[in-house]
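Shared chain: subunit A. Partners: subunit B in the first complex, subunit C in the second.
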Partner chain A sequence: MRDVAVVAFAQSHHVRREQYRNEVELLMPVLHKVKSEVGLDQTQIDFTCSGSTDYLAGSAFSFVSTLDGVGARPPISESHVEMDGAWALYEAWVKIQTGMADTALVYGYGKSSPGALRDVLSRQLDPYYMAPLWPDSVGLAALQARACLDAGVTTVEEMAAIAARSRRAAAANEYAQLTSSADPEALLAGPEIAAPLRRHDCPPVTDGAAAVILAAGDRARELAARPAWIRGIDHRIEAHALGVRDLTTSVSTRLAGDRAGVGDRPVDLAELHAPFTHQEVVVREALGLGDGVTINPSGGPLAANPLIAAGLIRIGEAATRIARGDANRAVAHATSGPCLQQNLVCVLEGGER
Partner chain B sequence: MAKERVAVVGIGQTRHQATRGDVSIAGLVREAAVEALQDAGMTWADIEAVVIGKAPDFFEGVMMPELYLADALGAVGKPLLRVHTAGSVGGSTALVAASLIQARIHRRVLTVAFEKQSESEAMWALTLPIPFSPPLVAGAGGYFAPHIRAYMRRSGAPEHIGVLVALKDRLNALKNPKAHLHEEGITFESVNDSIMLWDPIRYSETCPSSDGACAMVFTDEAGGDAATDPAWMLGGAMRSEPTMAPGRDQVNPIGGRECAAEVYAQAGIADPRRDIDVAEVYVPFSWYEPMWLENLGFAEEGQGWKLVEDGATAMDGDIPWNPSGGVLSSNPIGASGMIRFAEAAMQVRGRAGEHQIDGARVALGHAYGGGSQFFAMWAVGAGKPSS
Partner chain C sequence: MTPPSPLTLPAALRDVEPVRGVRTPARLDYTFTAGRATSRFLRGIAGKKIYGERCGTCGKVILPPRGSCPNDGVPTSEQVELPDRGIVTTFCVVNVKFSGSAMELPYVCATVLPDGADMGLFGLVQEIPFDQIRMGMRVEAVWVDDDELTHDLASIKWWRPTGEPDAPYDSYREHV
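Entry: the complex of A and B
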């Protein structure tokens, strides 16, 4: 395997409703920033890969217009996944592994605000047996939370503590959307919105974008003082039908984590894309992260959850902390689909091998 | 370290037709995937990763349908990637799957592409607003007709060239049992007399709207060595450029030329017309055959239509294009590019049945999408490449 590192990361200021800018306008400053961080223009980037979904944009081929924001002239070697940007990063990492590229630009973006997100996400479900019933994303997460509580995987007190910790951590993150929280006891006094979930257990609806630059070997050492080396990356999917899964564990996260080598050495911090509080407990357990691991110092998806960018942001946030020297070994996680159906795990390290 | 060699050891396609009401979306993709696995002599358990592609999710009304298809594609517990690069997606999906082998991450990968267009009205889904223009375009034909007109003006091509291409591809489709359109009795006159949809594009010069899927199984070099009749990947590339840019030539786009040049360089192809035995090229409207003949370097600029007129691209010509009947005879959009790639591989495996080109050793598969701005191509050969 070639040594590949995250050498730059940029993101938008995440907001509930990005009313005056379209996706291209939201993305362009982020792309300019990430390229200027390492002093590269588009002609110096060997491969470009993005993630987006037409169901958020509300139009077919929506990624075609955002390509206009990249500056694909002269023509570029480029691809796109209809997935979170974390999977676009995976495709770019594979491309670098083939030796056909040494540098890659990866981006993901999504505006969740124009539609009713809970209903939009119900269109992800089996179109014959599930989608006609319009089970919404919060309702499905609530079923999972109930299963976790019944199995003793977590408690409502622990869930409230996760919410408070996440949003308070986000006070130090200028890009986050929610940056404060009441005490866990006060949170628990609030009503359930989809039992057993309370408002604090759910992620905010967010519009936002993010971009990462990857580079291999010496190119990475030229471009960054302290590259965040990808020491392992893997992703796995589970069955779609919720009835055939044990919702209190995440088999796919465990598989991906094992393949990425999470447990090989101690982990300093983890950025987990667990949009609902109980899911953090499930993912942490699947990755074998103990009490000594700092979880979501950025505030995580409970503080800002721009769909399609949120997974890529976890990798970027983990890489940023390695670049700053705050951590030497970090785990980043991304998820997709109802109740953690599909998961990606990336292990990043600061030191040379 | 050099890239791992990639072998195509299994190919499957559905029977393409206007409405495959007999199968669900999962049933459609499985029909192609199971055929590819059987061809490869493998079972689901042999597959390490799955890469799936399709065009816009709105075509079926399912957001990220790969989530729902994870079970049907035997992907549970495995990596599943979903690619979408507009009309070129079938080709780029295959290339992403191949890159998993080239990078030595996996040894056996299943790739699938599909579209079930009967679930929606694809023509209006393809009616996209053009910036700074009044909304007068209806369907992809409305977008491409002016570029065809520009080609005719530039090249001086006579009006009947498009009819010749459509007639050739639809006659070829009669030899392909999987093709959507089987127009027995089609003639030059019947194509020429068909209704004008988007001047100069006639009804019979337009691709159909199809339900269909295509699948391939890729292995590493050892897997190819163990197979009886693999196709070997000789080269592959993707290129993208913006829809709108000052001075961009949409008739002969530079992205297509550069993409082909990279594939030829990887595959050691110096003269495509001489070195390639057969090509499956994405021709959704008849006139794109002469246009792409020039874009892909089979003819000098302005000369592509003469190859059509001379019959060079017919099955008995010196460089047959689309012996399968092409996109003009079957167009499940998300799968159309992969069908081109798969048909190219079928030719060099000698497994194309009645539409086999005798002695085909090197074949080109091509896909394009968007406003002639996304390109994915590969070259495959009967012999293992030296590097």
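Entry: the complex of A and C
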């Protein structure tokens, strides 16, 4: 295997509604920033891979129009996934493993504000039995939360504490959308919006973008003082039908974590893409992360959840803390689909092998 | 490989018509954000003005502007007013009816390069028999009546010949 590292990361200032800029205007400054961090122009990047979804944008081929912000002249080697940018990063990592690229630009962006997000997300469900019923995304998460509470996996008190901890941590994150929280006791006094979920249990609706640059071996050492080496990465998907899954656990996260080597050595911090509070408990348990592991120091998706970028941001936030020397070994997790259907786990380390 | 054994159905479901399809209508409404550059362009259109935007790196005038130079991936840096006349760089004769189109067949769609622009606008060419339309032909915009002008390229009804001599191919070859 080739050693591949995250050498740069940039993200937008996440907001509820980006009402003046179109997607290319939102994304382009992030692309410029990530490239300038390592002093690369587009001609020095061997492979470009993006994540986006036309369902969010409400326009066909939105990913083609955002290539206008990349600079595709002379023509570039490029690919795209209709998934979170974390999966675009996986594709880029594979491309580098093949030896066909030494550097890669990866980005993901999502404007959730143009449509009714809870309805839009129902379109990813099984088209015969579920999608015609328009089950909304918060309602499906609430089904999972109820199952978790009944199984004793978590409590509403623990969920409220996760919400408060996440949004308070985000006070130190200039890019986050929600950066403060009432005390957990006060949160629990609020009404349930989709029982048993209260407002604080749910992620904000966010418009935003993020970008990462990957580099292999000595190229990474040239570009970054302390590259965040990807020591393991894997992703797994579970069945489409919610009824066949045990929603109180995440087998896909556990398998991906095992394959990525999460438990091989101690973990300093984890950036988990668990958009709903109870999902953090499920993911933490699936990855075997103990109390000594700092969870979501950035605030995580409860503080800013730009769909399609939020998973990639977890990798970027973890890598940034390694680059700064705040951590030596970090786990980043990304999810996609309803109720943690699909999960990606990435282990990053600061030290040389 | 042996085929799976057939499913046993209760008597009430034997010999019934198979379900050959289901209709599950889906509709999603979006509030689309044109963006800053496109908004500048569309405001111009509502006032019978065509504004391109110049790239500070390659100098080309991008039309219609969307906020960046697609070649260089940088924001455009200068708004440029363009005349509502130019040349047909390429065209096609449409001989089949598309749903939603009220156009009489055949009709001509064209890419029109306004003078001074480096990218063309898509539009119709009218007021000339379809078989006389040609690359390099000089055309001008025919706008809708002033009270129908809106932030929409449909504010240009079509393009029509000016009668000026055709532009030589070499003058627009890089825009074809």
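In this text, the second predicted complex is superposed on the first by the 353 of 353 C-alpha atoms of A that agree within 3 Å, B and C clash if a C-alpha of one lies under 4 Å from a C-alpha of the other, contacts with A are read in each partner's own complex, and residues count from 1 in each chain.
We take it that contacts are C-beta pairs under 8 Å (C-beta built on N, C-alpha and C of every residue); 3 or more make two chains touch, one makes a residue touch a chain.
Remember, predicted model here, so these are calculated numbers, not experimental data.
Answer with first, second, both or neither: which of subunit B and subunit C does A:G243 touch in the superposed model?
Neither subunit B nor subunit C is touched by A:G243.
So, A:G351: does it touch subunit B (first), subunit C (second), both, or neither?
neither
I'd like to know which partner A:L31 touches here: subunit B for first, subunit C for second, both or neither.
The second partner, subunit C, only.
Please work out whether A:E18 is in contact with subunit B alone, subunit C alone, both, or neither, and reply first, second, both or neither.
second
Please determine whether it is subunit B or subunit C that touches the greater number of subunit A residues.
B
Touch test for A:V64: subunit B only (first), subunit C only (second), both, or neither?
Touch partner of A:V64: subunit B, not subunit C.
Tell me the contact category for A:K95 with respect to subunit B and subunit C: first, second, both or neither.
first
Thinking of the overlay built on chain A, is A:Y128 touched by subunit B (first), by subunit C (second), by both, or by neither?
Both partners, subunit B and subunit C.
For A:A72, decide between first (touching subunit B), second (touching subunit C), both and neither.
both
By the touch definition at the top of the document, which applies to A:Q42: first (subunit B), second (subunit C), both, or neither?
A:Q42 contacts subunit C only, not subunit B.
If you lay the two complexes on top of each other, which residues of subunit A touch subunit B in one and subunit C in the other?
The overlap between the subunit B and subunit C interfaces on subunit A comprises residues 55, 59, 65, 67-68, 71-73, 120, 123, 127-128, 131.
Okay, in this complex, where on subunit A does subunit B touch?
For this pair, the touching residues of subunit A are 48, 53-55, 59-61, 63-65, 67-68, 71-83, 87, 90-91, 94-95, 97-100, 120-121, 123-128, 131, 234-241, 251-252, 255, 336-338, 341-342.
Looking at the complex, which residues from subunit A come into contact with subunit C?
It is residues 18-25, 28, 31-32, 42, 55, 57-59, 65, 67-73, 111, 113-116, 119-120, 123, 127-128, 131-132 of subunit A that touch subunit C.
Applying the document's contact rule, which stretches of subunit C touch subunit A when the two form their complex?
Residues of subunit C touching subunit A: 22, 24, 26, 28-39, 66-75.
Touching residues of subunit B toward subunit A in the complex: what are they?
1-3, 24-25, 55-71, 75-86, 92, 96, 99-100, 102-105, 125-126, 128, 237-245, 248, 254-255, 258-259, 370-371, 373-374
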